[in-house]
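Common to both upcoming complexes is subunit A, partnered first by subunit B, then by subunit C.
== the complex of A and B ==
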């Protein structure tokens, strides 16, 4: 029969159309909100999603997984008044960066001229950054991490300096809780091992 | 009974004692052919030894040795390892090498590329024009003594970044771009570009005008693109038409050219990884895979067992989402906007969610490292992959088939429109689904298994009519086979480390060459690497399937109606990021 294929195809779209409303009704019956809630968005990006699939950006936003990466930021411990910058300006991030968008000025001791483990200036050219995540991956001090904030469009060029790059460790713990906990545990274990070694050394002496 | 062709050892030196020597440089393999005998030896390689598929042609500029080398990789469509042969010429302008166009037509675009980027003149090539750079461009950018605009240093990392890295913009430092080369006597004020003439002459040369009846009708030249919505990006096609029928056709590309290979040669080995994402931006997982294999071959390191499975899972998920897009975009090209393509995008979204959760980015994954992958798949994501593979995707593929397969308009447009037959496809070095739809069961996962593909039970999807409808249906077959692989991989995946190496940002790569190839969703994706033991590759070449498949577009489209051309082009599933590189 000519036209059978088209009717068959239309049945698929027709089913999809009704699925949206059937799902709406079933959510309504269960007393849950399907739209503008995290639960609703999560459902629409799960394997059970039926019917409508789209998300009403910006009122609704897709849930970002922990590993989502955009541009890098620098982590500091302590508080806003007394920032303990984790970065030691070792330069690994600048060396590994594929588009070479990281610029670091190392601090030198004014008296001896020897390098001090602290960055004097730190720039990331966000217009060049290709969001690869190498800097965060290879940083030995967990000092540079990838941000979740992606809406950074501006009328100007985006060269971030040290001030703009620094974000507190609490922010890092908030966006990447699993990674943060893992790193903190590793750090504590390392410190405990160091303390045990020091204790053993003093005992031996 | 004679041994099957794929197990015979190839001894070219015994066959041609006068003109062939073995390549004995440490880390290198294959044969070096004298350039005078190149065509003769190549013909024997094709006819006597059965290497019917020319995989890759590229050049290497050995500046210190004052030598140019052309490297040919050939394979058998019946499977088995490939054969490498090279020819070496002195590096004096013009560097001349006989063209192998007469032996493998697939050399067409690749020789043009080598001429364009390396300045190797292939004598006997019927249409040796620039292909990626524009006509009138001065210099050959892949030569080792060429310096691009805004050149800073030979290799990365640049010294200006650390420890005294005061930020400045490169264009402020170099406002006149004074390292660009201009032709002698070039005067920008009185310059009128003539670069289109060659294109139209070549269009004229290959036209079928004479073959058509007595009535002398006018032929018109139409330029489709570079902004035509159906050319999948910025591809331009110059078409000569007789009424509605195509009499001659030349693709013009390079609008997205960024000299990926030169960037690669400036980068360290690791730094290339995120750049490969940008080749075929729908399948960054597959691109990473091929590059990782090429470097691992050079470094001679094993891959962690669990990582092998993760790699296969990612590559196959990537194939499924690529084919979903292909189907959506094909229907889009046929004139049915939005509904089918958006249905296809739904499944793709779910797969991209997985990529995002494991790698951090939906498209630019940058997930593979030498010896393994970056991070393990979290338990909840693994569950999500299982849900998709076992529950959702099989039903959705069925639904897509129910939705479209019998649609009268679609069948009417696709059925019986000839794409390529097996012989044409092999001659033009076409690989991937188009080759398999023409009846050649050539799939690298079977023909030359890499990674752990030899452990899975699956069939090579193949169809035999070689028309557009077969080309369309074979994507469904491939998705089903990918699901089979995924089901087995998800059941077999072992626990363990995800990288056999310590994470390091500067890898040691011994001198030598390697050719890593995989079956990407679009065809054979291969990377040719030459290392001289330094932290940066000496030569980095990408055998891009989209680019080489386009070689056949002229043969394929002659004599068809212009309306079908759009659909025929869609069959190759080209991505301009990979074509132009």
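== the complex of A and C ==
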């Protein structure tokens, strides 16, 4: 029979149409909000979703998994007034960056002329960055991490400087809690081992 | 999520956010026409239907039911430049493709916008030093919005489109290039010349002769 496929397709659309309202009613009866809530978005993104599953972006957002990555940012400890930048300007991230979008200017001590483990300037060209996450992977100081923020479109080229790149460690802990806790534990264990070694050395002496 | 909602608040048609002089505050002014004009334009930005690389896949995903760009009036992908308002350069622009893109841009009627989607279109991305890749479409076309990402997720693309809408909001019918007297009504971009071909096919016989001579000598 001609037109069978069209009818089949239309019936799917029809079913979806009604499913949307049935689902809306069932959520309403349970006293929950299907739209503009994290719970609602989670349900609509899951396999149990029935009916319409559009995530209406500016009002609601897809729930990002922890390992979602967009562009890099630099982590600092301490507070806004006294930023302790973790970056030591070693330049490993700039070396491993496949499209080479990181530029670092190192700091020199004005008196001795020796390098100081602090970046004087740090630039990432976000328009070249290919979101591979190698910089975060290779950084030995956990200083550079991948961000979840993706709405960074602009009217001009996005070259981020130190001011725009720096974000507090608390922000990092917020977007990647599992990774943050893992790294903090590793750091604490390392410090404890160091202290134990120092104690053993003093005892031996 | 609530906080995000506040950020992207759109004022709507009925609240013209212009500084009207006090003496004409209660009179209908051109600013409201601007508002109406921009309101109509901002919700019907029709993209030109072409994709260049992997970014095009995300562009397609942004059109599907999950993200639904139809909510922004951008679902009508025009296959002809005559009906398109916006050129979404989605992907790597090779030197071979560049003349076609410039030609398409020149054929689009004003007002027209160019959005560089993804690293390759904005700057060349990982191929920025490639022999066959244009390091950013902005070297040739006036780009309005740059969307970083490799590729940008559909949501990032929509965020970029919203940025374009904001740009349209700020334009005034009195100041735009295409209505101004004495100026070019269209932004014509000259066709690029990307250097001569390495091999001149007209001299094929000459090359063959030289190759044969070399072979004979060896």
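Throughout what follows, the second predicted complex is superposed on the first by the 197 of 205 C-alpha atoms of A that agree within 3 Å, B and C clash if a C-alpha of one lies under 4 Å from a C-alpha of the other, contacts with A are read in each partner's own complex, and residues count from 1 in each chain.
Note that a residue touches a chain if its C-beta (ideal position, glycine included) is under 8 Å from a C-beta of that chain, and two chains touch if they have at least 3 such contacts.
Just so it is clear, the structure is predicted and the values come from calculations on it, not from any experiment.
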Ask   = Which partner does A:131 reach: the first (subunit B), the second (subunit C), both, or neither?
value = both
Task = Using the touch definition from the top, say if A:39 reaches subunit B (first), subunit C (second), both or neither.
result = neither
Ask   = Is A:84 contacted by the first partner subunit B, the second partner subunit C, both or neither?
value = neither
Ask   = If you stack the two complexes on chain A, which partner ends up touching A:123: first (subunit B), second (subunit C), both, or neither?
value = first
Task = Could you say whether A:95 touches subunit B, subunit C, both of them, or neither, answering first, second, both or neither?
result = first
Ask   = So, does A:185 touch the first partner subunit B, the second partner subunit C, both, or neither?
value = neither
Task = Would you check which partner chain A:150 touches, where first means subunit B only, second means subunit C only, and both and neither mean what they say?
result = second
Key: subunit B or subunit C, by number of subunit A residues touched   = B
Request  = Give one of first, second, both or neither to describe whether A:174 is in contact with subunit B, with subunit C, with both, or with none.
outcome  = neither
Task = Take the contacts of subunit A with subunit B and those with subunit C, and give the residues found in both.
result = 53, 98, 125, 130-132
Subunit C to subunit A touching residues, read off their complex = 1, 4-5, 8, 65-68, 71, 116, 119, 122-126, 128, 136, 138, 144-150, 152-153, 155-156, 158-160, 162-163, 167
Remark   = Seen from subunit A, its contact residues with subunit C in the complex are 36-38, 52-62, 70-71, 98-99, 125-132, 150-158
Request  = Quick one: which bits of subunit A touch subunit B in the complex? Just the residue numbers, please.
outcome  = 2-6, 8-9, 11-13, 16, 45-47, 49, 53, 64-69, 89, 91-92, 94-98, 100, 102-106, 115, 121, 123, 125, 130-134, 137-138, 146, 159
Key: Residue ranges of subunit B in contact with subunit A within the complex   = 156-158, 160-167, 267-268, 270-275, 339, 343, 346, 349-350, 353, 356-361, 364, 366, 374-375, 381, 384, 387-388, 391-392, 399, 402-411, 503, 505-506
